[in-house]
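The following pair of complexes shares a single chain, chain A, combined with chain B in the former and chain C in the latter.
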Partner chain A sequence: MPRPKRPGEAQDVGAFPPAEAGITVVDWIDERTSLSPGIRWMLFRKVPKGINWAYTLGSATLFAFLAQAVTGVFLAMYYRPDAAGGAYESIRYITDDAFLGQFVRGMHKWGASVMIILIFLHMARVFFYGAYKYPRELTWIIGVVLLILTLVMGFTGYLLPFDQRAYWATIVGVNINGTGPFVGPFLSDFLRAGPEFGATTLSRFYAIHMLLVPGAIGALIGAHLYLVSKLGITAPPWLKAEPEPELLEHSEV
Partner chain B sequence: MNQAQKEQYLREYSILKSQGKPFFPYAVAKDSIMAMIVILVIIFLALMFGAEIAPKADPTTTTYVPRPDWYYFFLFEVLRVMKNVPKFTPMATIGVPTICMILLFLLPFYDRSPERRIERRPIALAAGITTIAAMAFLTYSGANTGSPNSVDLQPPSSLSASQAQMFRAGELVVGESGCLACHVIGDNGNNGPGPVLTHIGSKLPSQAIASTLRNPTPPMPSFRNLAAQSPQKFQQLVGFLSELQ
Partner chain C sequence: MPGTFEGETVNRRRFMNLVTNGAGGVAAVAITLPVLGFAAGPIFSRVPFEWQTIGMPADFPKSTYQTRVVEIVQGIGEAGKTTAYVRARDPSIDTEPEDQYNQFVALSSRCMHLGCPVRFVAAAERFICPCHGGVYDFRGMVAGGPPVRPLDRFYTRLKDGYVQIGPRYSVNSELRRFSPRDPGEPLDGVGQYLYPARFSTSQIPQS
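After this line comes the complex of A and B, so read on.
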C-alpha cells in the first residue's frame, strides 16, 4: 500500500514522463527568458476586419528574403571571391558540376527578381491604402530604407559571378555613382576599393553583399515587424468603424 | 493631422481592430499560402530558366555591351537619354533617383492629410499612377536599348568609304572600351578626369596617339593588351581618334 503523500513532496510519476518532456523544456527556457508573453502578444493580437490578400505582400517579401538567405548560404559554401579566376571558376563549378548547383543558383537569381517585385507591390499597397499615415510613419521610413538596401543587394550581387556581363555592367554602375555630386567620387572609390577596378573590388562587393547589407536588412526587418505588431495592421481605408451595438444602446439611454 | 484627428483615427481603428480576428491562425494561414505561392514561383523560374553564365570577365575585351539586371533598366535608360546633354548627365543619373528616394522617404511628412481613401486623394493618386507609368515605360525602353557607352558621331564627309568604315569601327571600339567614362568626344562622355578628345586628331599625330594608348598617364588604363591581342581593333581605335580633327 503506497504511503500517503506528505505536504511539499512531489508526486512520484516515474523519472520523466515523455508527454511532459516538451513542456518541461519550454518551461525551462521560459523561466529564464520570459519570452512567452511576447510571443503571445505577437501571435494573438487582433488584425482588423476586412483584411484581404494584398495584406500578405509584406510577409511574402520577408519570405522571399528568407529564401534568398538560405540559397545564399548554400552558394557561399562553394563560392570564392577571387578575381584572378577563382570566382568565375567556383560559379562555373556550381552551375555545371555541383549537385543541384544550377537549381540553387537559379533560385537565388530569380528569387532576387521576385523579391524586388514583391517589395514594390507591397509598397504600392501601403501607398494606395494610405497606410503610411499617422501613426505608422516610422514603419514607412524603415520600409524605404529596406527597399534601398534590397536594391544594393541586387547591385552588389550582380558582380559576384565575375563573368563578362557582371564585370562590365558593374563598371558602368560604379561610374554612374562616380558622377554624383559631392559624395559621388568618394562613393565610387569606396566601391572600387581604390582608383582601379580589380581584385579588391570583388572582395569588397562580396563583404557588402554577404555581411553588411544582409545584417542591416535583418535588423531593420525586426524593427519593421515590431512596429507593425505594436501599431496594428491598417484596416482597409473604405471600412467605416461602427461601434458595438451594446455600446450604442447604452449611450442612447 | 491635428490632435483631434489623431485621436479620432485611433478610436476608429481600435473599434475595427476589436472586431477583427486574431493574427494566429487567421492571418498566418493566408501568409503561409502566399509564402507557398512565392516559393513555387521561384522554383518554377529556377527550373524553367536556370542561371546561365557568360564568358569569364576580361578587362581587355572591347566587344562587350554591358547590361544591368532588369530592375535597373530604368536607370540605364535615363543614362542613355541624358548622355546627349553631358552637363546634365550627373543630374539625371544620380540626381533624379536620389530626389525620388528622398521624396519617398519623406512622404509621411509632406502628405499629412488624414484622408486615407485613394479616390479622395487626387494628388496622391495622380503621383502614384504617374510614377508607375514612368517606371514601366523607362524599364520597357531600357530593355530595348543599346549600350550607354556607344559614341554617336557622323564620319567627316571628307573621308573615303574605307576610311569612313574605319571611323565606324573605331567608334565602336571606343564605346566598348569605356573611354567615355573619363573623356568627352563631341556631345558624348564625361568631362574629366581625362582630356577632351573632340579634336585630338589635330593636336597629336596618330603615332603619338598610339604610343599614348600604350603608355598612358595613370589612372588611364593601358591599351597594350588590346594592341597585342587584337592589332586590328587597336588600329581602328587609333584611326578613329586621329580623324577627330
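After this line comes the complex of A and C, so read on.
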C-alpha cells in the first residue's frame, strides 16, 4: 500500500513525470482533454514473460484494416457504382489512366487477401494458446463478429469491379445465401434489392462495403482492444506460473 | 417503487429517468425503423414484367433450340439481360399439360445449382454448366451434377402472329409450375415449403 504523501514531500510520479503544461501543442491538448493517462494505460501495460512474434498478429490485422480503410477512401474518389457500365469503366480508368491508380487499387486488392490471412492466423494463435478462456470469452466473441464482418467486406467488395468474374461470383454467392430454409429467399431479395440482380444491387453492395461494415468493424475493434488492455494478454501456455516464495512457505505441499 | 410522500407512486428521479430514456428510445426507433424499412422495401414490391416479342413461329423448330436475349431488368444494359433457349413444343416428348403458355418451350439459361449460365451443346443435346459440372437433358431436366431442379422456364404466347416471351417460372421434377425461385432451392417434397414464394414475384403472367 502506498503511504499518503506528507506536506513538503516530493510526489511520486512514476516513470512518466508530467511535463510543464501548456508548452507544446500536445500539452495544450492534454491539459484540456486528459487523454494521456488513457493512452499510457493502453500502450504501457504489462505483458507476461515469454510472449513472442505470434502476439503481433492482432496488431498486424489492425494495420491491414487501416491500410484497407485508407486506400479504400481514396479509391472512392474515382469509383462509380453504376451497373450500366460506369462501374467497370471507372475501375478501368483507375487501373489504366489514373496516376498511381493501379498501385493504390493493387494495395487494396492484395491487402484484402492479406487481411483475411492475418485474421485467421491471429485467430489460430488465440485458439492454440488457449487465450479465449475465462475471462477473455467476450474478446473472442467480438473477434468472431469481426471475422464475419471481414468476410462480408470480401464478399461485397468482390462485386465492385463489375466484370464478368465479379458479376457471376456475386450471383453464385447470393444464391448460396438463398438456400437457407425459410429466410434464405427473402435475404437474397434483400441483398439484391429485388428478385433479380438489378439497378440498385451494386449501390447497395457499395454502401455496405464502404460505410456500414467498416464503421461496425472500427467500433468493434475499439471494444476488442479495450478488452485486451483491460484483461491483459495471456502468457504462452508452456510457461509455468512461478508462485511467490512466501506463498510456497505457507502452503501444505 | 414508493415515492417521497404518502400516496406518491413514482418519485421525481424515477419519473425523469423514464421520460429521458423513453424520449431517447423513441428518437432511436424513429430513425432506425424508417431506414430499415427503406432498405428492406424491395423485398415487398412486385416487379413488373413486359412481354417481349422474340420472333415468328417458323423461327423455332421442335428439334433444336434457338437462343434469344431477353431483358429481365430494365435500364442497366448488359447486366439486366439473360439468355433464353427457345423451341416449339414437341408433343412426343413434352408430356406436361399443354396450355396457351407453353406452345413454345423457353428455358432459362440460369443453372439451378447456383445460377451460372448454362450452354446448350447441340451435338450432345445437353445443357452444360461451366461452374460445377451441372448437366441437363434436352427438356432441361437434371441429367447430372449438383443442380436441384430442372431449368427454369419462361411463359411464352402467340400474339398477332408473333412469339412473345413473358415472366420466368420455376418447375419441380414433374414440371409442375411454381412462382420463380432462386437457384439452389429444390421444389420437390418439402422443398416448396422450405423455400416459399417471395412477395417480389408472382406465378401468374400479368397482362
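One rule holds in what follows: the second predicted complex is superposed on the first by the 218 of 253 C-alpha atoms of A that agree within 3 Å, B and C clash if a C-alpha of one lies under 4 Å from a C-alpha of the other, contacts with A are read in each partner's own complex, and residues count from 1 in each chain.
FYI, contacts are C-beta pairs under 8 Å (C-beta built on N, C-alpha and C of every residue); 3 or more make two chains touch, one makes a residue touch a chain.
In this text, all values refer to a predicted model and were calculated from it rather than measured experimentally.
Overlap between chain B and chain C is detected when the two structures are superposed via chain A.
Using the contact criterion defined above for the overlaid structures, shared-chain residue A:181 touches chain B and also reaches chain C.
Of the two partner chains placed by superposition, only chain C is touched by A:84; chain B is not.
When both complexes are overlaid on chain A, the residue A:167 reaches chain B and chain C alike. In the overlay built on the shared chain, the residue A:195 is in contact with chain B and with chain C.
In the overlay built on the shared chain, the residue A:218 is in contact with neither chain B nor chain C.
Once the two complexes are laid over each other on the shared chain, residue contacts for A:38 go to neither chain B nor chain C.
Touch counts on chain A: comparing chain C and chain B, the chain ahead is B.
Using the contact criterion defined above for the overlaid structures, shared-chain residue A:130 touches chain B, although it does not reach chain C.
Two complexes overlaid on chain A leave one chain B stretch from 3-11, 129-137 or 201-209 clashing with chain C, and it is 201-209. Within chain A, the residues touching chain B in one complex and chain C in the other are 83, 85, 162, 167-168, 171-172, 175-176, 179, 181, 184, 195-197.
Within the complex formed with chain B, the residues of chain A that make contact are 42-51, 53, 55-57, 59-60, 63-64, 67, 83, 85, 88, 91-92, 95, 102-114, 116, 118, 124, 127-137, 140-141, 144-145, 147-148, 151, 154-155, 158, 161-169, 171-173, 175-177, 179-181, 184, 195-197, 232-235, 237-244.
For chain A in complex with chain C, the residues that touch the partner chain are 83-85, 162, 167-168, 171-172, 174-176, 178-179, 181-182, 184-186, 188-190, 192-200, 204. Across the complex, chain B meets chain A through its residues 1, 6, 9-13, 15-24, 26-28, 30-31, 33-35, 37-39, 41-43, 45-47, 49-59, 61, 64-72, 75, 79, 89-90, 93-95, 98, 101, 104-105, 107-109, 111-112, 114-118, 121, 124-125, 128, 132, 148-149, 178, 181, 190, 218-219, 221.
Residue ranges on chain C touching chain A, taken from their complex, read 39-40, 42-43, 45, 47, 72-73, 75-80, 114-117, 131, 180-185, 194-196, 198-201.
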